[in-house]
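Chain lettering (A, B, C and D) follows the sequence in which the chains are written, and residue indices restart at 1 in each chain.
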Amino acid sequence: MRYLPLTEADRRAMLDVIGAKSVDDLFRDVPPSARLAGPLPLPSHQGEMEVERAFTRMAGKNLSAGCAPFFIGAGVYRHHVPAAVDQLLLRGEFLTAYTPYQPEVSQGTLQMLFEFQSQVATITGMDVANASMYDGATACAEAAIMACRITKRNRVIVSGGVHPHYAETLETSLRFTEMEADVLPPDPLGMEDMIGRVDSKTACVVVQNPGFFGTVRDLRPLAALCHEAGALLVVMVAEPTSLGLIESPGAMGADIVVCEGQSLGMGLNFGGPGLGLFATRDKYVRQMPGRLVGQTADVDGRRGWVLTLSTREQHIRREKATSNICTNSGLCALAFSIHLTMLGGTGFGRLAELNHLAATRLEQKLRAVKGLRVLPQSYYNEFAVHLGDDADAAAVVDALADKGILAGVPASRFYPTWPELKPVLILAATETNTEDDMDRLVAGLQEVL
Amino acid sequence: MRYLPLTEADRRAMLDVIGAKSVDDLFRDVPPSARLAGPLPLPSHQGEMEVERAFTRMAGKNLSAGCAPFFIGAGVYRHHVPAAVDQLLLRGEFLTAYTPYQPEVSQGTLQMLFEFQSQVATITGMDVANASMYDGATACAEAAIMACRITKRNRVIVSGGVHPHYAETLETSLRFTEMEADVLPPDPLGMEDMIGRVDSKTACVVVQNPGFFGTVRDLRPLAALCHEAGALLVVMVAEPTSLGLIESPGAMGADIVVCEGQSLGMGLNFGGPGLGLFATRDKYVRQMPGRLVGQTADVDGRRGWVLTLSTREQHIRREKATSNICTNSGLCALAFSIHLTMLGGTGFGRLAELNHLAATRLEQKLRAVKGLRVLPQSYYNEFAVHLGDDADAAAVVDALADKGILAGVPASRFYPTWPELKPVLILAATETNTEDDMDRLVAGLQEVL
Amino acid sequence: IEEKLIFELGNPGSVAVDLPEPAPFDLERLGDAPRRGRVALPDLSEPQVVRHYTRLSQKNYGIDTGFYPLGSCTMKHNPRLSEKVARLPGLADLHPLQPQKTVQGALEVIDTLAHWLKALTGMPAVAMSPAAGAHGEWCGLMAIRSAHEDKGEGHRKRVLVPESAHGTNPASAAMCGYTVDPIPALENGRVDLAALKAKLGPDVACLMLTNPNTCGLFETEIVEIAAAVHGAGAYFYCDGANFNAIVGRVKIADLGIDAMHINLHKTFATPHGGGGPGAGPTVLSAALAAFVPVPYVVHGASGLELVEGKRDGAKPFGRVKGFHGQFGVFVRALAYIQSMGSDGLRQASSDAVLNANYLLASLKDELSASFDGPCMHEALFDDRFLKDTGVTTLDFAKAMIDEGYHPMTMYFPLVVHGALLMEPTETESKDTLDQFIAVVKGLAAKAKAGGVEDFKAAPRLTPRRRLDETLAARSPVLRWKTAAE
Amino acid sequence: IEEKLIFELGNPGSVAVDLPEPAPFDLERLGDAPRRGRVALPDLSEPQVVRHYTRLSQKNYGIDTGFYPLGSCTMKHNPRLSEKVARLPGLADLHPLQPQKTVQGALEVIDTLAHWLKALTGMPAVAMSPAAGAHGEWCGLMAIRSAHEDKGEGHRKRVLVPESAHGTNPASAAMCGYTVDPIPALENGRVDLAALKAKLGPDVACLMLTNPNTCGLFETEIVEIAAAVHGAGAYFYCDGANFNAIVGRVKIADLGIDAMHINLHKTFATPHGGGGPGAGPTVLSAALAAFVPVPYVVHGASGLELVEGKRDGAKPFGRVKGFHGQFGVFVRALAYIQSMGSDGLRQASSDAVLNANYLLASLKDELSASFDGPCMHEALFDDRFLKDTGVTTLDFAKAMIDEGYHPMTMYFPLVVHGALLMEPTETESKDTLDQFIAVVKGLAAKAKAGGVEDFKAAPRLTPRRRLDETLAARSPVLRWKTAAE
């Protein structure tokens, strides 16, 4: 058993020091009725080669994104991750460290997180960001709860352009509380109107930009509406690379910005772990959930970093904390931060341009598919298309998968009870898509439609 | 250009400090006739994604060992390498360090090499080992040269059981020198007899154990014969895992032991880089080629390591050096050393048993192939087989490759001018071969023979 | 060596990612909110980036670099095989929304891991999606509340939590709309069963108990506790943070537990990564099984099936995160579990407990052990041994840093004064423990011999010495700003 | 923190590789020399191994950790993409003796790299198999000797080598059966053309010249030198160790060179790995092309073909190593080359030369520059600036360690006194150079101000301080032994 250093001789010697006859003695506080006499009837230990074979076999049952023309987005995006990211991530000093509670031996993690917070605040246009949440969906729910806490109101309006999984997570989070969520119907055309919905009971409006079906909106009018009503505007960004080309939520008046950070540094990983980014205004910082790193000085006056403002957190405030969150996504934050550092301001903008360009190119090519129409007026790297009134997008996706093409996500997967969304398919294109990928998708669609 | 930090503004500022108008000025010592005005007509720089695509395309043209029942050996062996090896190897402090000329900032490399030397000396049964050579073939040639230097004789007898590439490399190395190589004919049955060949002009006899065709020999009689004649016995081990089950060359009387270390830690890599192991007796250490790490103390009396006995080496002794070698295979030595450390004495022995067991199992199964006979009487994890008088092993291998089976190496690839070797195929089996692999090989052979 | 911030290293125009110059295009499709101007992030080249993060990493301590006896955190070795298989393209390069027939292997990973978790705990169901321990607690409480609501007992809103509990317990309860009622401990570090019984009543939703508890002790009366809780119509939630002590030696179901989260990153050896990610699957009893949140994996007609919505018989309480759980963590945990096997997991918990008792036995004369042994996976000491030395628990911890160790957990649990909580885990060798014991004894002797000054000055050998946490909180600087800002 | 040797860490019975218990078998087939007893290697578990090597690595300095201005070693950034593509199973998991139709992609890697090397140097042929620079030198000399033998001029056995040459040059010549005749340098650091001409004669096989030379200077009269050498019936070997200075700015063929090895690990950015592996492909002129050793790749009827034996028209001088060359290094070098492209490679050499001249210009007033500029890729100083300070070049170098830098090359080349040779490479930023310059100036000032004691005591901040090399050589301890041994 390669992970266990003790030998039988060690165990014997240690028991002697302890004064116990056997390891079983050490478990004497366990009620006899609950003790297991020996290993459970499950497989025994295996060598690396055997385990690796088992995983290779399971991996072989999947069609991986890199082996197919790939146009799936809907909250998780495929981007090229520079090789340096993962190699740095694997450094044991990062990988095998705990939460940086002991700052003197954790300046690496702490400085990295301070840089991460700074990067997140910069791209979102906000004052301050925390050191990460589990994922975009939970960050979005936490933002709604925080808005209720700040406004002392209980009503959360959720745009129909918010990712349905996020909306569900948010609803679930409020389910047994005083707070309530008003989730608007799906909005494939991006025509949703908030006027008249926001009132004096509204704690916040939660919108996603670009929206779930692709629409990119100028949020300034909505921000003004919210602020006039004493409500906060929470902006969710599911694809943060869009911030290289779209005005930041902060600049458009958002009070809280949450993002799913998976797009940078992390790859797909079947959707988990994700990386929740969470940013807000300075004035709300003490209402914020999650860990924060702050700058300070050591006894010699040298600049350094520590975890700070922890009186918001559960380990100090217990049931009065701003959240129950403890473990965050530190390693994912590192991946995100390295990738963003490698891009720099210049590369971040250029990457966004390449993504938008890929999507406009895809739109052009899709004109060859009869009956298909792109739904949103504006988009970044993703848009919903309508395949024709009789089309079943799920069946189309299924048929194309058999041809080795991963052709987006049918809207019906999220909205099974909305028949008018049956022909709607959500397609994403990124810098990883070649002309050939797009041609194969178009040819595939022409065949199966 | 992602590897170049200087910006245009930097370049301008630096030229100002230098007092040069342009970078071209700095190249003014180059004769004008030899200056290139601009980039050569070759492709321009590319992003990671593009380069990665190009390599993925080239990789896709190969049938990798892991995707086929695989029985090729003949000097390069497929073993399972624990995942920790490569992840440790990738640590920048190992990967991006130079030769440890500055011991104070190189104790990591130095201690690792000291451990490596100790491990190599231990498994070969010798007193001392160097810090690595390029590969087994060049180590073997260096051993012959060293033997000539020690004995002040010029004749090197090379057994017919030595890997033909090693024999060729050795012959090439002696080609323009006073030394001469007497390479015996290939010895598929392991029946070669040295009696009468070793005489007072013989500097050394070079044998391989297990031999190229598989035979495992007790070298004690040969060692006695050599020593009686004042010659040295050089033992080459192409498959060092065999040392877990076979008596060490040192214990059998070898004077110099060389190995190809690829078997541990390194994977196949299309045969390069390799790792030359080189071990000898204490009394010959000052005649040894290659770098050596020695233990010493620092000014505070603490144990530490340095490069030592460098008066043997080219950078001190120039044309009088024991070899011209400078760059070695440090990183490969690290991989080898980590793998061997992970195996430990217990695992090293067990690995050898599993290999031998795989080969005996293969022999059993091959009995089902009509006309096939195993040639050597004894073997470790590899043996030559005779496929029948009319068979062409090369054609058989070719036909099996079309079926996705990598079925050993035809002897004719090495000995094209020896018609009697045309039906001979060299097969290896290791711990990586499953029963199913073997059954597929046997079925394949039955089909094509 | 000082390491600048990336914002101080940048050089406008450098690039560490070569991207093609985009073809010219109009912004027509981008809508009416295009960004004006470049995002103010620094530009660096690859050599600068690699060196920056390499140097930062060198300012960190990890399990790979030394012994990390941080109590309640289970800092065990992270297997390298797990990192390798997690990077297989067939597992890493999968989108969660691919057609299910193209991800059967991924669903098999989830299903196989779920099988192990159920078998190891003896529980009939598991919610796989919680992202971390606290998230799993909340998930378990949501299931409990759903079950009560389902039975028409929605009025049960009081949750009993021992004083020694992790802060996440009361916080999770609060996020579920519950109120928290603390229960006291006995002198022997266990729950006071009588006090517990007195607190039980028709408004109690559940008891949240950590077992082995945060003092490193097994709750000896747990079976009686479960009976009392169930007798009062409440459920029994167990915080599984310390599951590593008992895997393969105790089945959770046999203790009468209704819900327990499992910190895969602790018990099953996935990396903590400086704060996460973790994963907190929550096993559930038959009473709660129907309420498992979506999505979950079932065996269907055409293979494995991911259930994302309503389905006959199930009453999912909702969805707890974006996609299907911490898949990357699942892969690593399953690789560990399959490597260890049933025999290895039992041996691991045995060794973890053995190592902790060895520390306790070896140090109990020099430090003040809070409770008599045997302990489970961690050994708890308090600061009585430092009485009148002027040295605090904090000082003692910082002094350990200079000796090459990560400090133990300090000042937790709160039920003893100046706690020092040590969890060696099973992946430390006797040699490591012996060296550690010698060092700790040496420090204790030094403290008692009046070496307070040295302790106050520690650590000395770190990139930074003691940092001013008050300053950080008083005038928060939470991001980099240019001089102009 | 001290780190024991693995032999001191082992614990018999531990295991870091779980192997199945072999089925019982007899040793019948193993011959008559079975090993008796276990090999005396220590047994460790995976956690111990990972921590051991992690800690050892922390005692090392690498490019990733800081500036490494080691002259003549071209310590440039090692791209991470190269490490990634080298691990693609389709390239890493290939056996050299697979049927050629199953390795066409691997042969394409070799062929494409060969194409680039030939195009960048303007040379018609390249021997790909040499394993390192010195091996490439020897390969070039073997080709030269073969050509002479082929022409019936086997009597040419004298090789001219400048005094400033790397030690490998004379050593390689000796291994080829040649005698070495040194040629002197001029005051300006270049070869003395007149002296060279005087040494040429009918017994001279070749001139071995490093260009740019080991003083970091371009040999201004190289075209005349080539003409003189050829005029005498000899060949011109160039040591290409410093090729990084001129890639894309000078074609080797235009200089009249007949053979030159290329250190892929220097010029094309593959990792040095604490001593290797390297790769030393040797480009050859038309006169030598026929003698390329086996194996080599040609375009055949059914794709790429690996020639391993005799073939019409070719006169290979033999085989220089086991298989087909340092394939793993080829993959990395080609990934670098394709990433940089023709424009990037030219920019790299330009920046390398610019960085070196910036160092030279910035330090020439404080240190003593051995030659006026411009230099090529490295800047050479000697120890005149330390005169009467009591500080030696060695002391100065050791003091740099405490400032966070790897020292420059010391005492090489031998043609100046107490040499300090600095090669910054193109992958260092101006910011890094500026900090370095400030530190070096500070040290020079300190030396001149009488700070000799501090220099003698350096380094102080390393895991070990100055080590006793004499002791190591006088009583060599070259391996671990038990107390009993």
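Just so it is clear, a residue touches a chain if its C-beta (ideal position, glycine included) is under 8 Å from a C-beta of that chain, and two chains touch if they have at least 3 such contacts.
A quick note: this is a predicted structure, and the numbers were derived from the prediction, not measured.
Repeating the B-D interface, with the same residue numbers in over half of the contact pairs, is the pair A-C out of B-C, A-C or A-D.
Taking A-C and B-C together, the pair of chains sharing more C-beta contacts is A-C. A separation of 20 Å divides the Cα centre of chain A from that of chain C. Each chain gets a centre from the mean of its Cα atoms; for chain B and chain C, those two points are 46 Å apart.
Distance between chain A and chain B, defined via averaged C-alpha coordinates, is recorded as 47 Å. Among the residues of chain D, those in touch with two or more other chains are 11-20, 44-48, 50, 54, 58, 63-65, 76-77, 79-81, 83-84, 339, 427-430. Across the assembly, chain B contributes 1-5, 10, 45-48, 52, 82-84, 87, 90-92, 342, 431 as residues in contact with two or more other chains.
Note for the complex: chain A touches chain D at residues 1-5, 7-10, 45-48, 82-84, 87, 92. Taken together, the chain D residues at the contact with chain C in this complex read 1, 9, 11, 14, 18, 45-48, 50-51, 54-55, 58, 63-66, 76-77, 79-80, 339, 404, 427-431.
Residues of chain C touching chain B in their complex: 11-20, 44-48, 50, 54, 79-81, 83-84. On chain B, the positions that touch chain A within their shared complex are 2, 47-49, 52, 80, 82-83, 87, 90-91, 342, 431-432.
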